[in-house]
Each structure stands twice: as C-alpha cells, then as structure tokens.
Amino acid sequence: MISKEELEYLAQISKINLNEIESRKFPKQLDKTIEYIDILEELASDDSVILDLQEMKIEELRDDVVRMSGGKQISKNITEDGFLRGPKMK
Amino acid sequence: MIGLEIHAQITALNSKLFCSCRGNYRELGPNTNICEICCGLPGSLPVINQKAIEYSAMTSLALGCKVPDKIMFYRKNYFYPDLPKNFQITQYNVYGYSSIGVDGIYELDDAKQIRISRIQLEEDPGRIAYSEGSMNVRNSVLLDYNRAGVALIEIVTEPDFTSPKEVRQFLNKLSLTLEYIGVCDTLLEGSVRCDVNVSMEGGNKVEIKNINSFREVEKAINYEITRQSSLYSRNLKIELETRHWDDRKKITFKSRSKEEEHDYRYFPEPDIPIIVLGNDFVSNLKKRMPELPNQRFECFVSKYKLSEHTSNILINDKKLADFFEATLKVHFSPTEIANFLITDFKSLIEDDSESTDYLKNLKVKPEHIAELVKLIEGNKISRITAKDILVKIFESGMLPSEVMNNTNSYKIADEKTLMDAVQSVFDKEKSAVEDAKTNSEAINFLLGKVMKFTNGRADPKIAMRIINNKLHNPDK
Amino acid sequence: MSNLHDLLAYEVVGGINGGLFSAEEYVNSILKRIEDVESKLHSFITLDSEGALSAAKKIDRKIKEKEDTGELAGITVGIKDNISTKNIRTTCASKILEDYVPSYDATVIKHLKKNGAIILGKLNLDEFGMGSTTEYSRYQPTHNPWNLDYVPGGSSGGSGAAVAARECTVSLGSDTGGSIRCPASFCSVVGLKPTYGRVSRYGLISYANSLEQIGPICRSVRDLVMMVNIISGKDEMDNTSIPSSPITLNNKLGKLNVAIIKELITGSDHEVSRTIYSASEKFKEIGCTCDEISIKNLHYALPSYYTLASAEASSNLARYDNIRYGFDLPVEEYKWDTYFSKVRENFGEEVKRRILIGSYVLSSGYYSKYYLKARRLRSLLRLELLTLFKKYDLLIGPTMPIPPFKFGEKIDDPIKMYLVDINTVIANLAGIPAISLPVGFSNGLPIGLQIMAAPFEEQKLIDASYDLENSINIQRKTNAI
C-alpha cells in the first residue's frame, strides 16, 4: 500500500509536481503497479551479485585525445559573458 | 577520530573522463569547453577515457590498495543545477564489483598506518557562480559547465587519524605521491578538495565540506575539535550533521545543503559495460609507474650514498630531486652536488617554490651546477666563490667558466701571491698576530682576513699553511 | 508516375539510379501523399519538406554528374521523434522538449545521410517511448491506416503508420519493450528489433538504455535488410555497441528447427492464435520442424521489464530540468528546486507514473526487493533462451496477444496497457533480435508473427521472414485512406 506520505516523498525526490487529478489517481494506480511487480518476490534471493553484464576490455577504450566540439550546445538563457542563467539557490 | 574524503582531479589527462573536451578548463570563457556529452544533452552517451583508469589504478597502487581485475560504474542520482544529467557517474562497492582501489594502507612517518577504505573514479560537476549584487537580492545564478565531466579520483580513508597534525602530514605525503605519479598537480587552483569527518569519543560524526585546499584542512579540523570539545564540556549534544567550512571567517557552520535527501538510488550505469582490466594489467602498470617517494628515498640512500637527512630534503621537493638527478647525468658526484643543491642553490630559489613552473624557467641548468661542483672539487675555486658565481648564473644564465673569466674568480694557489697577501694582513693586524701565537681562534681570524683580502679566492689550505709558517718563523 | 509513393525502397533506388524518375519527383509524390492523408493519420510531429526537397535536388545533381549517390539514394526516411536530428526539432512527443533543437545528429542519422537517404521528418510516439498506442503523445495520437478508429500500436506508432500509409519509404523506430514490433504488427508492416548492441544508441534519447535499440520499419523484408545493414555497426561514441556482420538476402531457407512458445499462444485472442498456427504451417511445408515449447520464467518477464525500465527511466529523465534546453519558462521567479519540480510537472501522466515507480524500486528499502530481483530474472531468462537456441534456430509466436483495439480502450488502466507488451518484452530483456512480420487479419485488423533468434543471428530471422513473405498472400495496401 503506497501511502500519501510515500507518494509525496517520491514526488519530492523525483522533483515532480503532481496536479490535483494526478494526486487523486496516482496512489491507486501506483499501488496496482507495485502489486503487479510484487510477483518478483517469489524469485530466490541472491542479491549480492548482478549477473550477466556486458563486458569490455580496457584496450578498447577511448584514447586521451582532445577534440573540441564545434556546435552550440547551449543556446537557451545565455548571458553576455557566456554563462548560463539558472534559478537562484536560496 | 578523523576521517578524510579527498577529491583530486586527474590534471594529467588531456581530455575529460567521458568526452573529448579539454581536461584543463581553467582560463577558458564560460561554457566554451562543452559538448553534448558533458552537457547531458538528450541522446548523448558517456565514452570513457582509458588513461583515466590507468592513472586512478596507479594511485590505488601507490596507496597500497588492491586493484580488482574488473571495475564497474554506478549512477548516483540527485538533482542540482551544477549536475547536467542530475546524476553523477561514479563507483560504488556495496553490491559486489568494486571500484578501482580498495583496502589500502598508507604509512605515516611515525609508522602509524592509515587505512584507505576505497578509491573511486568519478566525474566532476560544473560550477555555480553568483551574479553581482548581494546574496539576498540575487534572483538567478550563473552556471558554467566547463568543468563538468572532468575526471576525479576520490580517496576515502577510515577515521584512523587522531590529530590534525597527522592529517596534515598525510595530505603532504599524498600531494607528493600524486605529484610523483604525475596524476594531479595539487597546486593548480581547484584541483583538490577535501571533506573531513570529525567525531569525539562516543559523539556523533560531523562532516565538514567545502574545504578547498589542503592547507585549510588543518585549520578546519582544529576549529571543529574546539567547537565539539566546548559542547562536550558543557554537556551539550554534538549533532550528527554536515557543516560548511568558511575560509574567510575561518569557522564551520551548519549547512542546509543538497545533501539532505540522502537516498541516491545507486544502480549500475547501463551505458558503460564492466571494464575488464586483465590479468597483466597491474603488473604492467607497476613496471611503467614512475618511482614513488619512498622508493626514490631508498635509491638516494643506498645507491647514491646520501645521508637520510639530505635525501629527505630532496625527496620532499620533487622538482629539486629531478634537477639533482639531471645534474648527476652530467657529472656523477652525488654527495657534493646534493649538498650544494640543498644549501646554496635552494636558498636562492626559495621564493619561487610556490609556483608550479618553478625550476622550469630558471636560468640555472643542471649543466651549470655540474660544472660548478667540478670546479670546487678540482680546487679551482672556493665554496664562497662558488656561491657568488651561482648568483651571477642565476641572473644571466652564463656558464660558470664564462662568469669566472669575466670576474677573475679562480682560486689563488700561487704561493707568492698568497705570501704577499698574508704579509699585508700581518702588517695590518699586529695585535691579532700576537694573539695568534697562543690562541687558535685568532689564527682563524687571520685566515678570514686573508680570504677577504683576496676576495675569497685564496686557497684556504695553502693560506693557512703560510700563516702558520709565518707565525712560527716571523722573519721568513 | 502517379503512385511513386507506393514503391518499395529498393524500387526507388533502382528507379532513380536508372533514370526512370528523379529524386525530386519522388519526394514530391511523397509530400503530396502526406498532404492527402496526414490530417487523418497524424503520423508526423515535424515535417521537413524543404530539407527533403533540397536533399533530393542534390541527389539529382550528383546523378547528372555521375557521382556516387549511395545505397539508399532518394529513399525518404521518417525518423521517430526520440532520435536526435541536427537542426530539426526533436520533442520525444513531450511538452518538456517543445523547443529543443539538437546540435548534433544521432549516429544512425549520419549513416543514413552518408548513404544518400533523405530525412523526411519526425514521427509521432508515446511520450519518451512509454506506451503502446501513441495515446500518450502530448501532441496527438496517430491513427491506424487500416482503420482510423483504431490505435496504430506504440510507442513507434507514427513510424508504423507512416510506412503503412506510404507517407515515407521506410522509417526508423526504437524498441524498448516492443515499440517497433507492436506498431509493425498493428499496421501490417515489417519491423525489426536488432540484437542489443548491433545498432549504435548514440543520439537515441534514452528511456531504458539497457533494453532499447533503434530499428527499421519497412514494407518488405528486402527494404529492411537494406536499412539494417546501413545503420548497424560498432560506434566509438556508444560503449555498448558491438561489431556485427552484414545480412544478405538471397539465402535459401534451410531446414530450421522452429518452436512455438506455448504461453504466448494460450494467452492470445482466438483469431490471433489461429492465424499464427496457419503461418507456422508454412514452416512445416518447407521442411522445418515445428515444436511447441514452454518458457519457464515467462510470467516474471513483464514485471521484471517494468521494474527495470522504470528504474532506468527515472534516472534518464532526471536531466529534464529546463535549464539547458526545453521550453519557455523564465527562471527568475523560482528557487532552483521549485523550478525543477514546476518544470517537470509538464511531463504527461504515464511518464510521471513510470518515474515515480522507478524512484520507488531504486530507493534504499526496495532495491533488493525489486530491482535486483528483476536483474536476476533477466539473467535467468536470457540463460533459458540461449539454452533453447542451442536446440532451436527460431522461436515464434504472435507479436501481440490481441489485434489492434480502439482508442480509449486501455488508457484508464495502466496494467491493462502494460499487458499488451507481454509477448515482446522477452526479446528486450534477453537482448536477442526479434522481427514482426504481417501474416493476416482479424476483421480487417492486422496480425503479426514474431520470430526471435539467438544474439546476432538476424540472418536466420531474415531468411525465414523473406521466405514467409513470399509464400504468404495477404493484402499489402490499406483501403481505409
């Protein structure tokens, strides 16, 4: 059962505001989804190691060479000096 | 009990950890050293830098850690304006596969051992700068992502330190080690950061963040210990909290920081496969690794037969030690050269030692020192003269021989000239001459006068002989 | 030639190179077709007619100068709007990226351009790839060209519909849990999810990075092979990409060992299973064996998929804070964390749900309970399938358990919607290649056959599909538009 506080906490750490309709609908919907994935409990517990991951040799990795990118990556909200303007901290 | 968490940038790298932007972002216009990867643009993927793994592995080895044969990356999820993806790619040991180094030991001078919990490779966030105006009036901040994605090595110790002095010593040795490996130039602005946790017997652990140089660390710890002791003595609780170091006011203050929600929801980074280092990785790395401070120390003492004291002075100044060995290549006379370097030479260049480039732009080169020492050993000049010549070389870059020809500095060994000099002194210092017949100190006084008379060029041994002869045979 | 837009890709390339028509003529025919049907379908979010015509003219010039034009010269490609296209707005069907114009091309786009393909525009999807019908698109849903009241499938619904309706020659989609195969099945076209790592993900806007691949949707297997070979390849910009060999078309289908996955049939609509069985008869006719097998861990597959996909999504979508790119909302009035939350209010419902579930399963109390178990299941499933592939060359079943359904039928119940993916998530969890091939209809609504093979065995998939395509006689063109 996902409580109102838990939902608020999740919304807080995910930095998402829920509108009124969503605040009403979501607890039940999320509950159903969690109930649905609860079936995974039946699987044996062996949570020390994650299996079956892709591997790559160190020799295949990128060389330490500088390549300056030409494009304009950020065009939004730029000041005269080239800083990006963001919302205040406090 | 004190523990450290140090972040050192791998300043030796050309590019960033996950992209090919420049690793040294200093002095570049804001947001000019960026690409779609380090800005976290939609669809971008991290491409890891091979050299970064090598450097961080070397650091692990240098700190006595085990390097695993496979490493993995994790995401640390939290929101913050300086974090382009709102997660940091880092390493994490809780679920098995480990970071680039674990379980190391580092020994301090008094044989005290500090346990190194882990060493991990991760990316630096960007920077938040504040726009003009007082902090209260500001309604926006300025963001610069030039630094975002630069490679960091995080070194975490167990809380094994028991005094700020130990911490200072550790950090000095660490800086030196990092310099020796070539991984991090700790003098570069912003290249190292240190968080400290301090707890008293039975008390809560207080974390101190925002200490931006190794030098400030000792001060911060001292302040915090005082603060905690004071609370303790008044039976007040020491809160489990995070505090910030203010390096202007020199205090720690409680911070309402981003660290409040601590659930980072770590999970393995899907865009980077497990990296297999291979069986020979560590042994190959050890072969290629630059000499570490204590290894060099051993070498200086056993191979060059320098005293421990002299060796220590050289080792603790890597550039000086390098200069020393470069000079040896020209003229192999370790003891003489070492002694000359740590006295006369060192005092001359002392003022410049804080700059990163010191010794590079010096006009004095190993060849100069080598020649100078050769002349001293060949008795061609005296020690005092050598010092004067050094000053001239320092200013002009001329070879010793050139300087000497210009200033007529060769040692006077010619008996006749010396006898005349001694005679002149004897004529002037009649009372000293009388004293000298019974008092050996007065003899030294006379010798000093002879040296002065000859502008330091007299060969002291010969001059002394002549003085003694004359004292006992006044008419000759 | 009035019906140039009906031509298949290889016919287009042949026609342009052979001087039967110019690239410009062809593109004009396509643009006219779009004009005629787009208002009914809503496949496109952004159409770049100017860019397409200009590219076409370049090709015509090159042909005149006898210069090399590339293997895909003149074909028009629709690109799912979660793939980064330089200077062409890329929205992921979200309001959060309303004004986002990428400064770089995805690697697959670079491959296409290098080979003379023409990028036509950006195709509709469920927001950020989360959904099976395009009903979660924040622009508007796309309609199924076979019956406009019905969903086209998703999340690459625009890619499926546009190809089926001949609004473009071929399209690219992405498949995280079935998002290429579902619309391919529902729109009666061919769609391939390649082996994980075959195609570079650089430029694919991540939803669940360990599960997804870019793949082609086409009207014929031959077109599909052309596209797959061009977009495949190890990419230094994608550390998870793996080198692979090109696929050829003229392999004669040998006597393969085929198996039908029992659970997928029993879970299906009656019409669907009937159609699949008759398709499987074709295999037997040419001498393949066709057994029925069971997959032990199947009922954990979908819960495992949703756990992992949501977890990765919650992290991949964290970057959308409107600071560096996004939409218009001034920063001055907010403190940073309130700004972030306010911005992200702009996500659609389904995206929000998945982010919240993702944060939930990754949070410290629940990580072992859900995420680690899902990872473990994934490995077990992959192991089970690899073992099966030692005995069988191909595993088959229906792509979708039901034929296409009407708009609004499943939108109120997320679980009902998730269950639609039950057949397709297996291939994503295991990283194996899977294709959907049109094999019949149920009341005029398309049914697709799904064929899966071992990692990097796309050749076997193609061999079987090419053979089936030639032997199955079904309606290839819709009458609805």
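Labels for the chains are A, B and C, by order of writing; each one numbers its residues from 1.
Quick note on the criterion: contacts are C-beta pairs under 8 Å (C-beta built on N, C-alpha and C of every residue); 3 or more make two chains touch, one makes a residue touch a chain.
A quick note: this is a predicted structure, and the numbers were derived from the prediction, not measured.
Each of B-C and A-C has its own count of C-beta contacts, and the greater count is at A-C. Nearest to the overall CA centre, using the mean of each chain's CA atoms, is chain A. In whole angstrom, the spacing between the mean C-alpha positions of chain A and chain B is 40.
Note on chain placement: the centre of chain B and the centre of chain C lie 56 Å apart, centres being C-alpha means. Work out the mean CA point of chain A and of chain C, and you get 23 Å between them. Residue positions of chain B touching 2 or more other chains: 36, 39, 41, 47-48, 79, 81, 95, 139-141, 143, 263, 265, 273. For chain C, the set of residues that touch two or more other chains comprises 103-104, 236, 239-240, 314, 318, 321, 323-325, 331-332, 336-337, 340, 359, 363, 372.
Residue positions 13, 15, 47, 50, 54, 56, 61-62, 71, 73-74, 84-90 of chain A each touch two or more of the other chains. Interface residues of chain C facing chain A in the complex, by the touch rule stated above, are 103-104, 197, 236, 239-240, 299-300, 303-304, 306-307, 314, 318, 321, 323-326, 331-332, 334-342, 344-345, 347, 349, 352-353, 355-361, 363, 368-370, 372-379, 382-383, 414-415, 418. In the complex of the two chains, the chain C residues touching chain B come out as 83-84, 90, 92, 97, 100, 102-104, 106, 201-206, 208-210, 236-240, 311-312, 314-315, 318-319, 321, 323-325, 331-333, 336-337, 340, 359, 362-364, 367, 371-372. Across the interface of their complex, chain B is touched by residues 12-13, 15, 47-50, 53-59, 61-69, 71, 73-74, 78-79, 81-90 of chain A. Within the complex formed with chain A, the chain B residues making contact are 13-15, 20-23, 29-36, 39, 41, 47-53, 70, 72, 79, 81, 95-97, 128-129, 135, 138-145, 261, 263, 265, 268, 273-278, 281. For chain B in complex with chain C, the touching residues are 36, 39-48, 75, 77, 79-81, 84-87, 95, 139-141, 143, 263, 265-267, 270-273.
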